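First subunit A sits with subunit B, and in the next complex the same chain sits with subunit C.
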Partner chain A sequence: MEHVILFAGPMGAGKSTAIATLSDIEVVTTEAANTERHVVDKATTTVALDYGEITIGDEEKVRLYGVPGQSRFDFMWTILRERARGLVLLVNNDDVDPIASMLERLAPFEDLLRRRAVVIGVTRSDVAPRPSTADYAAAVSAAHPGVVLPILTVDARDLTRMRTLLLTLVSLVEAATELETDEVTA
Partner chain B sequence: MVVPAIEPREVSDLRDLLHIVPPPVRPGGIPLAGWERLAVVLQTLQHEEPAVLAVEFLDRPPLSIDWSRGYFWWDVPVGTAAFAPRISRLRMARGVRLPHVLEDPNDIPQLVWLIGQSAFDGGTAWWATAGARYTLDRWPDLGSLPHSPEQMRMTALLGTDAFTVADLAAAAGVTETEAQRLITALDLLGLLGVREGEPLRRPRRASGGLFARLRTRFGD
Partner chain C sequence: MTSIHRSAQGVIFGTEVLAQMRALAPSLVFASLLTDDGFVVAQTRADTVDSGRFGSMASSVQALSEAVARELHLGTSSYVVIAAQGGHVLQQRVPGHPVILAALFDDAETLGKALSTSRRGAETLAAQFDTLHPVPETIGSTE
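Our next item is the complex of A and B:
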């Protein structure tokens, strides 16, 4: 059995680090020279995929895919989102406009949003304490009425925090699934 | 109407603005002295009304709260363990903020999360209606609040439909006291809504799902 979890977010939000933190195996990373150093000062950035996995028992794996941070590679999302059980969207709080960035990155995942299969991790809130998680929640509610997403402050290097983020996503997906599959008929 | 907060020039100027808040009284005339006393006051401060509170205890150092800035100062570490301090005096200045943020502030949700779980001994909060159905209006930041896997799972259930305390406990496989403690904490943080009518859906009790297997895998 396998479960696909996607990690998305703008460049520099910590997708590659988050997967490396969670993964049991050495992460397979495809990187290339960053041609957008004016956006984020990183020498390399993910242009194809990061891949890691968590093994549970003998026959079950959680496959962790980091999808491209640069908008010109957005087509990669389409390939994987059909198989995805959930989405971890990472946003760096010291971005120029992190809330706009979050909403832009959520837009292609409308189906996962409807299934309540999205969790948002806010990184670098130690550097930039605002916006708050409440500000993010208000923006999500305004853009997607009725959608209440978990929004957690995280450090992509911190195993405990990243496990909390992943477990939050799984708990939400399972809670929604349990309700959908056992509706009470009037 | 939003009233602009007064910011005294010095912290010491607050003394004239602070007024004693008398303790609520239980049936039988016994005044509240534990976390309940502060919880009742904080519940009235929802919607971010500015206020500064000075809390004195019989058995702990004093606690200061700048509500609208979302900070508190207390020489007691707020850990995961619930304890029952005895409040001797509670003073509050409404419509007021501290003139500046003092050193080493702590985020108020950490304190409110503790108070909500500890107050009322796991019973229904004084302001709550027994049998009410709750749903989550906003998630708590579980990245910064100590929590159990059961609390995470209950929070997820509240994020998908409305539950009474009894239904939530049954769905999550915990005691009603545990469910009530979480409800009071989320309510005090201003994260819950109350829904009318009957629930449309009823969850099956989860057993052996990916959440449980990951918890085991992670050694929780």
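Our next item is the complex of A and C:
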């Protein structure tokens, strides 16, 4: 079985780092010099996609696609979400308004949200301990009544933590697929 | 040091060269000089397309083409060509500088002429940018 998983989130949330941490292969990157260093102080930024792969178990290959964080690249979100089975949304907790940022970044992925094929990873909580994961969960429930998403604090450089987040998502994707299959055959 | 693409003289050079390209090739629908991450440095005929959108897409396409060339060990990507029924989009880096020249030609133009016009524009820009060291005054730079 193969899965296509998207990594989305604001610029500087750790998407490229997360894919590099998880990938079994050398990651394909499309980094460009960042001319918005007054917005996020990092030397480069992804302008098209990151691509990596990880094999889970014996034969379950997961293709990892990272999309640019800036909304001016939202056409890449549109292109890639059409083939995605699940979404890892990373949000940096030291953002100006990380909860608003999370909700804004969830909106374009309504289809995946409806299938419950979304997990949220909160990065940089060591730098900014608030808001808590409970705050994020409350915001998701308020904006999307009835929706409960796994929300974990993560360090994008930490393989164990990122694998936990990814495996959680893969199990959600498989559950959603089974449910859809049952509905079709019923 | 300030990047060339943020220098006032760099913007002037860019605007002049794009105007020269327009004069050379009336089939040029739109042309833009962009930073690597897709911000417009200079442009010509800005009323013809959504220049911000064009810049972002050109930046992504440039990066993807270079990633493909890198993955296939093809060396440096020289051009990106999108040939469509209604015209051609041509992109290339300005040699030696972190900027991209992207141009849209209508279907009245041959691909060869469009390539020639773009290459000449990029080479002229490279020569002019080479004269800008050290970089003079800045436009809104925070670097």
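The definition used in the following text is that the second predicted complex is superposed on the first by the 168 of 186 C-alpha atoms of A that agree within 3 Å, B and C clash if a C-alpha of one lies under 4 Å from a C-alpha of the other, contacts with A are read in each partner's own complex, and residues count from 1 in each chain.
Here is the rule we use: contacts are C-beta pairs under 8 Å (C-beta built on N, C-alpha and C of every residue); 3 or more make two chains touch, one makes a residue touch a chain.
No experiment lies behind these values; they were computed from the predicted model shown.
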Touched partner set for A:49, first subunit B, second subunit C, both or neither: second
A:62 in the overlay: touching subunit B, subunit C, both, or neither? Say first, second, both or neither. first
Classify the contacts of A:28 with the two partner chains as first (subunit B alone), second (subunit C alone), both, or neither. second
Please work out whether A:107 is in contact with subunit B alone, subunit C alone, both, or neither, and reply first, second, both or neither. neither
Between subunit B and subunit C, whom does A:148 touch in the aligned arrangement: first, second, both, or neither? first
Larger contact residue set on subunit A - subunit B or subunit C: B
A:171 contacts which: subunit B (first), subunit C (second), both, neither? first
Residue ranges of subunit B touching subunit A (in the complex, touch as defined): 136-139, 141-144, 149, 152-153, 155-157, 159-161, 199-204, 206, 209-211, 213-215, 217-218
Residues on subunit C engaged by subunit A in the complex (per definition of touch): 3, 5-6, 35-39, 52-53, 56-57, 59-64, 66-67, 71, 98, 142-143
Would you mind writing out the residues of subunit A in touch with subunit C in their complex? 28-38, 45, 47-49, 68, 72-73, 75-76
With touch defined as at the start, can you tell me which subunit A residues reach subunit B in the complex? 3, 54, 56-57, 60, 62, 116, 121, 133-134, 137, 148-154, 161, 163-168, 170-172, 174-176, 178-184
